[in-house]
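By letter and in written order, the chains are A, B, C, D and E; residue numbering begins at 1 in each of them.
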Amino acid sequence: MELSIEIFILATLAFGLMAYVIGRLHKQLGSIMTILGSLTIFGGIAYLGFTGGLTGETAYLTFTQFEISEFGLFFAIIVSFVFAMVSFFNPFFIKQYKYPALYSMLFMFSLAGAIGVFFSSNLLYLFFFFEFVVWTSLFLIPMGRSKKAASWYYGFSAAGSFMLLFAILMIYNANNGSFHISGIGSVTGTTQIIVFIFMSGAAFTKLGAFPLHIWLPKVLTNAPDPVSAVFSGGLEKLGAFVALLAIVNMGGIGFIIPSIDMYFGQMIIATLGALTIVFGTLMAIRQDDAKKLLAYSSMSNGGYILVGFSMLTSQGVAGGLYHIVAHAIASTAAFLAIAAVARVAGTTKMKELGGIIHKMPVTYMVYLIAIISMAGIPPMGGFISKWMIFQAVIDKGMIFIAIATVFGSIGSFLYVFRPLAALFLGQELPQFKKTVKEAPFFMLLPMIILSLLSVYTGVLPGVIIDFINKIFVDMQLNYNIVMNGFAIEGYTSGIEGVGPSLLNPLLIACVFGVGVFVAFLIFIVLKKSKKIDLMDTYTAGNFVYTEEHLHYSVDFYAPLERLYEKYIHIMKNFYKSLANKVREFGAFMKYFFFTNKPEITVFWIVALMVFLLWGDVL
Amino acid sequence: MSAILLIAVPLLAAFISILVKKVSPYLLLLVSLFALVYPFFMDMSDVIIGGFDSPIGINLVVNKFALTSLIAVNGLFFLVVAVNIAQYKKLSSILLVALAGLNGLLLTGDLFNLFVFIEISGIAAYLITTTNKKPLQTFNYLVAGTVGSSLYLLGLIILYNMSGTLNMADMATFVEGNGMYTLFPFLLMFIGLGVEAKLLPFNSWVKGILGHSNNLSGAMIASVYATAIALVFGKLLAGVFQIEGTLALIIALVLGITILAGEAMAYASTKAREILLYSSIAQAGIVILLFTVGLGAWATFFAIANGVSKFILFGVVNRLTEEVGSDEMDQLKGSFVNNKLIGVSFTVAALSILGLPLFFGFVVKMNSLIGFFEPDFVSNLPGGNFIFPIIILVASVIEGVYFVKLLTKLWYKDSDVKVNFTPLFKYVVVVLAVALIVFGLFQGEVEELVASLINPGGVFIWN
Amino acid sequence: MIEILMNIGFGLGVATFGFVLQTAMGGINRKIAARLQKRRGPKWYQEFIDIFKLLSKRATSHGWIFDFGVIMALGGIIGTAMFMPITSSIVAFEGYDNFFIFVYLIAVGMLGMAMSASGSGNPLASIGVMRALTTMLAYEVPFMVVVMTIIKLTGTSSLTGIAVAQQTGDFNWFMIALPLGFIVAVMSLMGMLGKKPFETYIAPAEIASGPMVEYGGKQLGMLFIMHEITIFIEVSLFVHLFLGGAETIIMFLIKYFIVYAVLNLVSNVLGRFKIDQVVTFFFKWPLFFAVVQAMIAIHLGWVI
Amino acid sequence: MNSTNNVDFLKSLVEEKYKVNKTEVIDQYQISFEVEQVEVHRLLSELKLEGWKQLSYLSAIDWIDENEFEMVYIVFNWDRPVHVQIRTRIDRDKPVMNSIMPIFEGCKYYEREAHEMFGIKFPGNPDHEKQLVLEEWDDMPPLRKDFDPQAYSDRKFPVREYNNDFVELNGKKSKQKDRLKRAERIEQVGKRGNK
Amino acid sequence: MESTKYTQPVALSKKQVDRKWWEIGDFFRRNSLWMLMYCTGCCAIELPPAMTSAYDMERLGMGPMATPRQADVLLVTGYLSLKTLRRLIYTYEQMSEPKYVVGFGSCTINGGIYHDSHAVINQLDQYIPVDSYVAGCMPNTEAVMNGFVDLIELIKNKKANGWKNYHTNNAWYKKNQIDALGEVRIKDEFHQ
């Protein structure tokens, strides 16, 4: 059955308004509307997308044109899935917000905007939806802890989207007056370089990549918990979408560097992506607030996506796309788990938490699976995408990018493990024994679905790889990922007699399963061990009775942090000084021009007169 | 049913209102309603006054552009008057004079006549600003205004001496020929009108007036007068002025600095009214820029959109400062918590100025920016086609940051003072907000409206 | 289906072979070290006895995560060992022995142990785990750069492929072909094995044997088995990458013994680094040499 | 500035102003004064001003026969290397000595130890009553002369009983009996000695 | 001499099977005794010579281990003041079963030279079960090695079951401990 994508967008907006109206009457019902809304939207898009039932004609929103492209569908399904999963959390968090009805409405509006971005074929109205997402999500942020994060967010997103607008207008100028999305490919010469720079600038801001990343940690820490999950899982993918258009769709920019046969433009993006990975990892390792840590981890994973895309080989781009899927699922699950803990424990500071696992084991398992995928460890999805990106980086022989990616993936073990050890495991602090209890079923449901999905994407990559191949065909890129049986064919070096390196995730999972079974057998055969309390530990003979003394969670990586403690505020100070410069310029102009004495105006009139007549009459 | 009534009736009413004091407010309401409704069904022919045909006599130009600007200005005027009449009964005669002046300003086709109407509307403006209870600021405004209009007159005299005609159409044909000599008078006229249009070096009066505005003067100066002056100045710049060489350089510099400095000043200030007045300086700069560059059609709608938003913003902020006592951002925080309707319309107006989607501001800003990037577009200002869009975009980023800071403070903090608005004001503000959204959504109809202002060749019809 | 089961059986065989080999090697090397110190040293099968003694003791457990972590650790490591090729012909899963699988599956083992160690509630265990992860961050980066050079040169990332490339002569052993890379790999291997200079995370004097503080009885036994198999994986990885793999098992055993003995002797002489010294050490010279080696080998093509 | 005139300097300094019962120059680096209990604080603060900033030790000696405790304060000066011992005699039954916290902050734990070991009270030291070294101590302060550790040990800790079965071992006469007699004799001498 | 005629193998009872497993376990336990690095008194100075080349404790399979959880043998080396005894009991209870204790020096046997001190206990056996003693006030290294060999013999002949006694007559041990120490796990200003 055929349905136009415009119906879905209007439906989301309608759901938003309904959520607002009902929300005004009864908070909880309003947020339940968001669940129904986002679920129907996700179901519709996914079902119709796969059966080819989506069409692009517009009956009501006549000014926009939509076009169902494979990569648009890819992004739309991921983002709407993330929205659907996070919306399950809304009813439980709605009580904390100042304007609950407005929250539900804006939640649905940002989903509508996101879908609009992915499917619109007219560049101007791609910008229309892009900006629409910006201001709808803008008002969600201040409902959390701090109010300043919203102005940071708007400052950067506005800069990003106006860069995008400038690029679109340049394309419009170059293609003498056509806004069609295919126009991106047909731009040449210096305008192509300018468009490339500005579009990747927009992608960098939305993804939170290195030079323009200051807003990401501020926003994701201070936004309410479900919103930061939506941001890191869903809205960041807008940046990835623009990056895909800018880096991959426009093809190589600038001259080719012979030794690593990469275009110069792509080389710059790759180095900035690598910097993002390293910077994100280093900053994530030293964070004490779990949400801020996850914010920096999504920044570092954004860097992986950029590195993947800028390789311009089938392995690299496929790795980038796969990483979008794996990261969206993993970081949403991780954020939701931390949200579940924050709801009950009240804080996400690791200094104050400990031993949550004893009361919230399911949340712990969800978080464990999420971080295994985020760190890129085999049975989960993250491993496959990181494997592909590594293959691409090696194929190009880029050493420094390789160092950064390796540092990022090993560093990710460190910072994903920190909340695990400091927040979930360790001694069970007395103040949490009574208050903390397992999250209700409706919060566990999305988390479990997300973990099953990240296991699924890790073990059977077939479905997603076919989808990626369809995208390559749709974007007329001559890339292809070969799948023989359950194994993915990696990097074929072209040296005769040497086959491609294979990766069979199913086999790895089975072998891992067998290993665990053997270990379980060894464990069961031997004598049962005596269960003893956590406080009865080896303390070198001392008698210690308070849990805080036996819980190690403050400054977890102190020796590592000491090495780079002095350099962490460079970027933040840079942007703060920039903002101050603008303020000083304004203050100076105010002081100079707006005094109570009218002679300033007379002076300037005379000055302009003299300036004009300088050449001719005098 | 000629257009002259638009000037004559208000003057007559002003005269009567002096005689019969107690009926003047109702008279004012009636006449401003008449001024709003009349343009819809007056005939479109040019009006010759006193039997002398165009090159000598004075004529009123009535075309699509004049019509839209009349409707806009009279509409805003009527709203301002309707909302504030209860509070400022004794100003009704001055307001009637102002109405006459503004209508004359928009209609006249004769340059000297334009000077006369500038004077009339200017004097009415000075008297309105006296209600701010800040005599020094009003005095400054008076000095600056008169200096400006006399400069305009000086430029006009030189031009008249050279060309021998005062009519705009003839002046335009004369100027084509010998552009070289007209640089100096045009600069004078540019500065003259620049003072009133709030361009940077000449607008030292704006901070005093709008900084201490009250309900009536804030809305009147910031939205009605600003729109009217912008449209008239635009008409001159688009049609009459011949801009090239050093004049173009000066104008480019002045406009560029006005836009960027306006935004920076707004970013640097902490008082709500100051933010709005600096933002309106920047918006005025952008409107004038669009007119000089030749994108007159969208510039008119940009001015109108800005006028409407400024009406809402200034109305709300002035009312809040009246209740709270000071317009410092921290004092005003949280005032939308208990009156959501006003808050929503304030936010809609602010977002429309920023140019965010779903609102009229977006349609206007996007199309004017697209105008810059038309393949066959050549701007007569130096610095190629791409400098000014970049300036506008950078300005709107800065603008966005301080508006968001203002909005988050107003919405998300808790306040102790309970502010209540009159139901009429609430009704008007909501209607305008809905208008902004409606115009934002139905972009097709807006484009037709704009198309009517451009002749097939894409040139803006100004007379 | 049968073929897969056969392979899995074969893989388990490889894992047990690895365990037995390494435990014997451990005992022999303890004897060699003792003989150097002019004392008789333990029986060669002492490590077996230790492990079985531990398995026979009655242990204490701190909750389900404490046991689940140990099972996951041992399972992960057994899974990794099943992929390991003994010689270029004897390998459980033909063609699937990709280098990255080993690096990342070892990480599963490490994560399992780390999880159960910090689940044991002892702060010393968490500090030990923190040090283990920091050391891993230190030694892994130079090692991966060198291995990436090898993969780029040989064109494949499967271990048997690399071994064959070194054996059939288009490259001679990477020990000789990439001298700088070899030095870096030795240092990283010592980091991986947790031998003396980089033994910060099992520092018996400072943090009472780090993560293994709370283990006794069978959990400790299982962790010892895991430790032995991990050493087997890392040393045989090194043998395949740098010493040209092996055609026959005897060659493999000899190479394995030489590598492990030399490393053991070197580590017996050295003291122990502080934790931030380990990180700064690895990011100074080894990383510099690795990058230089990569530059020379890939971009300039100078391979001996 | 050799050490001899240091001692003279000290002697002159202390003996003029204070009623010194006994001065004793142990060697060129040690001198001890015995003063009245009341003057101790003034003397210590004056010495501190003179440069004797470090309170090396504070303890007591139990003269059980004269039924007195002798408080000993040892202060030291790093510039003029002389250990000065200030001794006073305080009553043994109700041993109270004002704390010197205001002069030497470091005396807090010394006084606590003195209280635990001798039972001397130090008003002015907030926590001198608390237990410092001995855990769960349930007897009189142990360093008092009238405390008998032997009795405490016998009371609290059971002693291993040896059965004398191996009196005669392969022909040799066991010397166990005379060993016991000698131990007995030593014990008697020990007890009589200190009476 | 038992007859060598083939007899039908008789099925062993559950208890006997466990017995068999326990004997095999004993073989491993006695050949890899890990001592706990906890030197309580002055006799500990005798351990380094036992480890170094002359006597080499390692050939008996003995080596130092850091935590009580991992160790089998607790070496009580030298006199035991009340405070050390409290820590010793706490550590002993943390060790994993089956565990053995070796008492070094005469102080653990009968209080040695500190028999008349108020701070030192006279007989270790009252408080924790001791499997083998090494006499001497600072026993010679041969004596120490003999003590270890005795312990291995005891394990072989299944007589080293001090840890069982600790379970069976736990009350007696506890009473002695309370009498001597007042309270094993103390809670005071320094131990919150």
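Things worth noting here:
Note that a residue touches a chain if its C-beta (ideal position, glycine included) is under 8 Å from a C-beta of that chain, and two chains touch if they have at least 3 such contacts.
Bear in mind that the values here come from a model prediction, so they are computed numbers and not experimental data.
Contacts with chain B and chain C are shared by A.
Listing every chain that touches chain D and chain E alike gives an empty result. Chain centre most remote from that of chain D: B (centre = mean of CA atoms).
Between A-E and A-B, more C-beta contact pairs are found at A-B. Rounded to a whole number, the gap between the C-alpha centres of chain A and chain B is 44 angstrom.
The geometric centre of chain C is 61 Å away from that of chain D, both derived from CA atoms.
Chain C and chain E have Cα centroids lying 36 Å from one another. Per-chain Cα centroids separate chain B from chain D by 97 Å. Counting partner chains per residue, chain D shows two or more touched chains at no residue at all.
Within chain A, contacts with two or more other chains are made by residues 538, 549.
Contacts with at least two other chains are made by no residue of chain B. Checking each pair of chains for touch leaves A-B, A-C, A-E, C-E, D-E.
Of all the residues in chain C, the ones that touch chain E in their complex are 30, 34, 37-43, 46, 49-50, 52-53, 56-60, 204-205, 208-209, 212-217, 220.
Against chain E, the residues of chain D that register as touching in their complex are 130-131, 135-136, 138-139, 142, 147, 149-150, 152-153, 156-160.
On chain E, the positions that touch chain C within their shared complex are 21, 24-25, 28-29, 31-32, 34, 37, 52-54, 56, 58-59, 61, 64-67, 69-70, 72, 95-98.
Note for the complex: chain C touches chain A at residues 4, 8, 11-12, 15, 55-56, 58-65, 67, 70-80, 82-83, 93, 95-96, 98, 100-101, 104-105, 107-108, 110-111, 114-115, 118-124, 126-127, 129-131, 133-134, 136-137, 140-141, 144-145, 148, 151-152, 154-158, 161, 165, 208, 213-214, 217-219, 221-222, 225, 274-276, 279-280, 287, 291, 294-295, 298-299. Considering their complex, residues 136-137, 140, 143-144, 147, 151, 183-184, 187-188, 191, 195, 200-208, 246-247, 250, 254, 261, 263-269, 278, 337, 351, 354, 356-358, 362, 366, 369-370, 372-375, 385-386, 389-390, 393-394, 396-398, 400-401, 404-405, 408-409, 411-413, 443-444 of chain B touch chain A.
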